[in-house]
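A single structure is presented below for examination.
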């Protein structure tokens, strides 16, 4: 029971860490909404500043939304993980409302782990699919300032 | 009922088409085992000819196993789809026994569709994750020779 | 001579279009510095707002820098091209100073074209490599407002 | 002069190692033709066994051709490098004659290195672009059996 509490608390602190310290995401209004074992979710309300020349959400904003979910999921195990490779496929434009991303771990072995991130619009349609690979270090993440 | 029969029959014919006409997969002992709506599975029994210099399955054999599942899933809707972009992340080596791949569609809109393929070893561990994007033409696939 | 002038002028207008209308890039201080035949360059001066929790440039900012170079190169031929798939590998952190990206076309045939983008730090070291695929429509880009 | 000889000899041994021990490549008729510092080239004469259901070269054969060039380039520094992530974009079909792939290193820092591979047909047209990331171990490659 205590162990479970500790883990829930750890996920909360990690969320606070990302939402306070990732300045690119703060600048773009992207936040982590949930972290679990090898999973994480993020959200972004589409604003004028996210648009490209064609008046739809710029691919870089969708990538960053997915990348934050990937980063939070990859770091959910308590040790430091660095993103080394990502790929993203876009199938629909993001136009208005809220975009969400959900990352889940497909594999973790040795120094590497892999995640698939599903990015959806407000209607629940997938607009992009992201795959990321992380390199896992042995260093613990210090979350003491975020308690 | 008839429509359902027809579809099941269409999936069977598509499977026969791939298993007969994809000569690379025949050469490598890779076969389609199942096709559904936007999904497909493939399998390969590891043999000497699949190995690389480190005596584990060469990445190209794992890619081809995943690519066949992707291709079968992308063509499951009855119109021609061409693979245009793929990415693959390897996390564990393939050593012996049977490898399987399962593709599912994450998005399909306009001329593009996207698939994630999970590649597993005999113990059920994911050894690689593949993502593929297909370009969908309007041409029907002629499966009449495979009835 | 006139044709050459026209083309130079077209590249200038396209640059103005991206630098005025891509609001994500304006927000992040990313700009197109040069466009040629199937090539483009971009730059970004690293600021506090680009950093992640580890105090290095967030991957999303590097991706957006590369993506803008890719987008400008893909649209350099005068007809509309949409980015459909990208992958990026990070090898060094971006810490301070100016980052630049240079995109060049590796292939263009039928509806698809492919670009490789090299992202470098101020010391000239490659910090990331990006690959993008574009889907080319037949629509002309209207650059008349940017003359 | 001696040092240069030694390196040339090392590249020759590495080439022999790949061409003898990579059994997938032997099965598919793919061979390393050249290895340098962070570079390598491969070739494959298109045969019936490489074709897919549409009678063009199956994507898996093109991937394997590129992957061997990537693997040889990544291992050219004398220490073991493992491929962890690859992406490939196809723009033209491979139909007949000889296909070649050329890999060059775009970045190498710490445990990671990145390569871009250009795959061309006999007419010199790029048919696919491949990007690969390798994880570099400290282990030396034992090439003594290949002298």
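Chains: A, B, C and D, in written order; residue numbering restarts at 1 for each.
Note that in this section a residue touches a chain if its C-beta (ideal position, glycine included) is under 8 Å from a C-beta of that chain, and two chains touch if they have at least 3 such contacts.
Predicted model, so just to flag it, every value in this text is computed and none were measured.
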item	value
Those chains which touch chain C and also touch chain B	A, D
Taking each chain's C-alpha mean as its centre, the one farthest from chain C	B
Intercentroid distance (Cα basis), chain D paired with chain B, Å	24
Chain centre separation in whole Å, for chain D relative to chain C (CA means)	29
Multi-chain contact residues (two or more partners), chain C	84-85, 87, 89, 91, 112, 133
Chain C contact footprint on chain B (complex, rising order)	84-85, 87, 111-112, 133, 135
Chain B residues touching chain A - in the complex, by the definition given at the top	85, 87, 89, 91-92, 106-110, 112-114, 116, 118, 125-129, 131, 133
Residue ranges of chain D in contact with chain B within the complex	17-18, 21-28, 48-53, 58-61, 63-64, 67-68, 71, 83-91
